[in-house]
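Chain nomenclature is as follows: A, B, C and D, assigned in order of appearance, with residue numbering initiated at 1 for each chain independently.
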Amino acid sequence: MSERSLLSPTGVDIAFTLLGLVAVAAALMVVTTKQIVHAALWLVVSLGAVAGCYLVLTAEFVAWMQVLIYLGAVVVLLLFGMMLTRAPIGPSEELTGANRVVSLFAALAITAVLGVLIVDAFATTMIDIDGQKSTASVMGASLFRYWVLPFEALSVLLLSALVGAIALSQSDEEA
Amino acid sequence: MTSSWLLPALLVVPLLGALAMLLAGRGAERWATWFGVGVQSAGLLLTLLVMAQFSQTQSGSMQMVVEHSWIPELLVDFRIGVDGISLPLVVLTSLLGWCAAVYAVRRVAEPGRARAFVGLLLLLQVGMLGTFMALDLILFFLFFEVVLAPMWFLIAFWGSGERRRSANTFILYTVLGSVVMLLGFLVVIVETGSADMVALANGLGAQMSTSAQLTAALLILGGLAVKTPMWPLHTWLPDAHTAAPTVGSVLLAGVLLKMGTYGMVRIVVPTLPDAMVSIAPYLAAFAVIGILYGALASYGQDDLKRVIAFSSVGHMGFVLLGISTLSVVGINAALFGNIAHGLITGLLFFVVGGIKQRTGSTAFADLPRSLYASAPRLGFLLGFAAVASLGMPGLAGFWGEFLALVGAYHPLVPERLFYRVLLVLAAMGMVLAAAYFLKVLRRVGQGPAPETLLDDVATDEWLSWTPLVALIVILGVAPFLLLQVTEPAVRVVVESVAGALP
Amino acid sequence: MHLSLPLLLSVSLFGIGVYGLLVRRNAILILMSVELMLNGVNVSLVAFDVYWADVLHAGQSMVIFVITIAAAEIGLGLAILLLLFRARRTIAIDEATELHEEAS
Amino acid sequence: MTAALLMVLVPAVAALLGLLLGGMSRPLAAAIAVGGTASALGVALYLALLEPWAEPLIGTGFGEGTLPLGATVVDGLASTVALMVCFVSLLVQIYSIGYMREEPRYSSYAAFISLFTAAMLAVVVAGDLLLLVIGWEVMGLCSYLLIGQRWEQEEARRAAVKAFLVTKIGDIGFIIGIVVLIGATATTLLPDAVRAAADDPTVATVASGLILLGVLGKSAQFPLHAWLPDAMAGPSPVSALIHAATMVAAGVYVVARLYPMYLAAPAILTAMAVIACVTMLGAAVIAVVQDDLKRVLAWSTVSQLAYMVAALALGARDAAIFHMLSHAFSKALLFLAAGAVIHAVGSGALRELGGLRRSMPVTFITMTIGLLALVGVFPLAGFFSKESVLVAAEHAAHGDAEVASWVGWTVLVVSILTIAVTAAYAQRLWLLTWSGPRRDSSSGVREVPAVMFVPLVVLVVPAVVFGFSALERAWLPTWIQATVTEPLGTAEALRPEVATVVLSVVAVIVGAGAALVFRHRETFARGRAGSFVAAGFGFDAVYQGLVVRPFLVVVGWVTAFDRSAIQRSVSGVGVGTLRAGSLLQRPYRGDVQRYVSSAVTAVVVAIVVMLVAIAT
């Protein structure tokens, strides 16, 4: 693995950067848009771009999971939530609170600190992605060989979350 | 060691009992108190086994030590054991716990809920026993704290009068004390790099610089003095006693107060000898003020429980005086006084609880004047306990006080003349104690015969009180039975101090 | 490929998520912001996994778990929001302040 | 287990049994009480037969190495006094069966008397200072219990508490004295401690002075005498026991027991003599104006005890013990007889008595003998014992004692004056009770039953013949002069001397004559002066002002202080905590997002700080 500077990109780098820019831009739209439904749609774009990033990083299985669960399930769920809570259609000024300056400052500060840290630490580190491929079979083998116990625990967690969600959303008359 | 399972079992049995009460269903309400008696009987049996296994000739060293590494990163180990200083207190705790359980069978205070009541008592038992057996500073602190929560619940839910306020005062005050004590422990641990109480007592603590010792000693003593309670940190005690249910008062006075003075003898005196030598005269002065103040304040109270609470301040003053002499006689006196006070005040609170159950109050104004006539046996027991408490020779209460005076005649610290002045003042406290107890007996016991009789002492009350009465008499006529156990251990403690003397 | 690229993406997503979390009033938007933060972390997990060429695929497995837990979280979160909405006809986060005790 | 310890334990166990089982039936309680005391008397006789005056019997204690307890010493002195204690106690127990026939709480009463006896015996045979303290204090407790036997009456309640507290005040000194003795001599064994203390004048003075305080309390000497007259509120047999066999004798006995130490402290002896003179004459004068049969006798006890204390102060221990024994017999006799009168008439007020001679012949004769013995008329025991004290005073006046000769002269003069006053109050008492017209209240009075008058008759015997035991063959001096603490010397007979005999006979005639002459004059306390004297020279008021009221004031202060100042500091802790809490609570107004902002900022700051720390 030869060392190269940041300013000598390869094709993979360019692909990743483009996808990443899409993800970041879409994410920015998510947190700034004045239409709540748009936010959900921008979220789809952002998360989809991230899934593309995963693909570039050879994490095939994770990418498909991302698409399936986030784009397929979570966003739909969020849209349902908006519908059920009578989210306003069209632009609304009330989506954003009053502490914009404080929030911006905190967010920038943490981004800056972490960013500086990463650039300082990994500016010249390269990933060798050749020959790696985390397909479903590879991940499946890994999950069920080494991570089976947390996996099972997670299934219990999901079940209890399911039960809890049902219990919570029952209407008052039955309780 | 063959009997290494005994001490852990002593802790585990009540702990499991408490857990069982936590998990038990509503149906357990009926047999919960009997279950409590069973568990406490098992505990008492185990304690007797410990006594049988205990080698009296080597009571100066720790026996039946059980040791496990626990949190090595924080220098905390699980280490328990007993020696001549802690064994009598362990026995006292088991005995009083048993008595309380027997008493509770038919007399759970309002509002009932026997499961929770028994569970809390058992949890309390774990904390108290653990405190007396712990050989690690942090472990000691943990058990010390475990006691607080059940006691808070007992006072706040089963108490009477201003129970919430009293319970909160109790918890605030004692937690504040414990925090200060923990700081002191941390100073010791950081300075010496060890939390092992035995190693610290055997010279490791004495290696600390004098200023570090002083800091640690003041912090630890401050925390323990709240619990003892030493004047002027005693103010939580009367309120807590007045509000607490009977068994709560019994255990509070009988065992909890001893944790403070035990901590002084076990930790402060041998671990921080240099500091102790400089602090001792002040401690003695506070002790004697406590003796006189407790007696005078007792006389001025208008509630039986408050009278006894203030008498505890006075009695614990004698214990503190004994400790502050740093002499063999004095510390023996303190340990003896601990046990005697536990038995006598335990009995007093039982009897007063009996009176309260029958008349509904402990305030003089609400009590009928003639207990001797309306319930002769109960009156006799009240008189007996009061007489024992005022320090009648021939009963257990006297020896602790008398030996403390003898110790004060020959303290190990240089300020002899000062101690002799204190000796005279403390002896005056004994007369004042007589004054207020006679006032109580005259006010409560002796009066024209009433129209209605009260129920006299019932069988279950006899069962739960008789061991205390018997032990008060036995220790009164044969004090050496207890002193033989404590003496060698006290010698070890005092030797560690003797090296620190100028 | 540079390691710092995915990491910078990760940090950016995380920071944007934090901003959304702090500034949005609508609870559903806050949930979305949380998802952004989680994705930021996920990206760095995958990146490091690939960087180490981990045999156990610990990073990617962890991402799977995070995604699962996020799904569960969304489910529960929305259930709670629904309850809140039923009770107060609004899900504006700065109006749910019952647990704040009046200064005494 | 030595026989001496057995002698103590038998009545103690009888007391325990009496408390446990006595409630079942009255005969059982009586049997236990009488049986216990009789057994103790048996053991005492057995001990006396071992001739302890030749070779003291020493019993070691239990609990070697820590706090040995239970060591006993039986020498001639202890053996003799133990015999007297058991004898009088037994008679009191028997008498009580009749006297307390109507008493609902007889079983506990009899048990307490047994305990009282046991405690006194513990003091008598104590071979270590701790056993001495136990016996000493338990006696105080028993006196409290028995004086308060009729606690339904306010008078009894007050008297009981007073007796306990006044003696307890003296006991502060006693306890500190014992502590000093133990501390200074490093032993708890009585003979060793006394010998060691006698070699060190400082320790001897301090310890004997402190212990003297306790003695003044127990033996009712000025200024701790005030409890004894009030103790009349107890039943008469109890008074007999307290005034003769137990309580008051204990004080004198303890000084005798620790005598070498006292001899090493002349200052204390002088103080004792002065106290004795004040008490002797003062109490006798008070006795003259009392209007209650038992109160007269009570003040007389105070006065007579002063004789013993005086004798001790003058170095005449044998005379003191002699007088203590002879006084015990006569005073027990007098109190039991007074009890018989009260039992028969129903009152002890002298105004309501009179002319009882015919209706109560046995009581009349025995009480007359008792009074004669008290006054000291030849050949009754009181004559010889009182003369022995006078002889000791005369010797001291000639400089044959540890104290200065003026002390001897003072004691001699005051003693003879007191004899005259004693004769006067005895004569007055006799006249008011037995002669003169019958009062209404005493019509239909009959002699008491046999169980009560037999003890009286039995007590007459020693009251009459005991005096001769100290004469030619010197039995008594031989018995009592040999103790473990002193080397065996030759016993001298306690023989009267002509000069003192003449003086005391004259004093008796003057006193009795004066009482006869003024017998028609109203002698009950009249006017301010009279009631002042009758109330013990107003001493109770002094106590009230100097001790009780200041005590109550201080109690008030402390109680108020505890309620306010400290209480406020405690609630201060609570309020302070809440204030600090609300201050910290201020930024937290329920805006979750602001919380998160601060959390994020804090994290950033923490990271920066850490980075800087690592970098530098």
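The criterion applied here is as follows: contacts are C-beta pairs under 8 Å (C-beta built on N, C-alpha and C of every residue); 3 or more make two chains touch, one makes a residue touch a chain.
For clarity, every value in this text was computed on a predicted model and none was experimentally measured.
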### Message
Counting C-beta pairs in contact, which two chains come out on top?
### Response
A-C
### Query
Whose Cα centre is nearest the centre of all Cα atoms in view?
B
### Task
Compute the distance, rounded to whole Å, between the mean C-alpha positions of subunit B and subunit C.
54
### For subunit C paired with subunit D, centre-to-centre distance based on mean C-alpha positions, whole Å
89
### Message
Can you compute the centre-to-centre distance for subunit A and subunit B, using the mean CA position of each chain? Integer Å is fine.
### Response
61
### Query
Where the centres are mean C-alpha positions, what is the separation of subunit A from subunit C, in Å?
8
### Task
Please list all residues of subunit D that touch 2 or more other chains.
593, 597, 600
### Summary
For subunit A, residue numbers touching 2 or more other chains are 97, 99, 102-103, 106-107, 110
### Task
Send over the residues of subunit C in touch with two or more other chains.
18, 22-23, 93-94
### Task
Give every touching pair of chains, nothing left out.
A-C, A-D, B-D, C-D
## Note on the structure
Counting only contacts in the complex, subunit D reaches subunit C at residues 578, 582, 585-586, 588-593, 596-597, 600
## Note on the structure
Residue set of subunit D touching subunit B in the complex reads 19, 62-63, 65-69, 108, 130, 133-134, 136-138, 141, 144, 148, 151-152, 157, 161, 164-165, 168-169, 171-172, 175-176, 179-180, 182-184, 551, 554-556, 558-559, 562, 566-567, 569-571, 573-574, 577
## Note on the structure
The answer for subunit A against subunit D in the complex is residues 97, 99, 102-103, 105-107, 109-110, 113, 117
### Query
Quick one: in the complex, what on subunit C touches subunit A?
1-9, 11-20, 22-26, 28-29, 31-33, 35-36, 39, 42-43, 46-47, 49-51, 53, 56-57, 60-61, 63-65, 67-76, 78-83, 85-86, 91-94
## Note on the structure
Listed in rising order, the residues of subunit B that touch subunit D in the complex are 168-169, 172-173, 176, 232, 235-236, 293, 296-297, 299-301, 332, 370, 372-373, 380, 387, 392-394, 398-399, 402-403, 405-406, 409-410, 423-424, 427-428, 430-431, 434-435, 438-439, 442, 445-449, 477-481, 483-484, 487
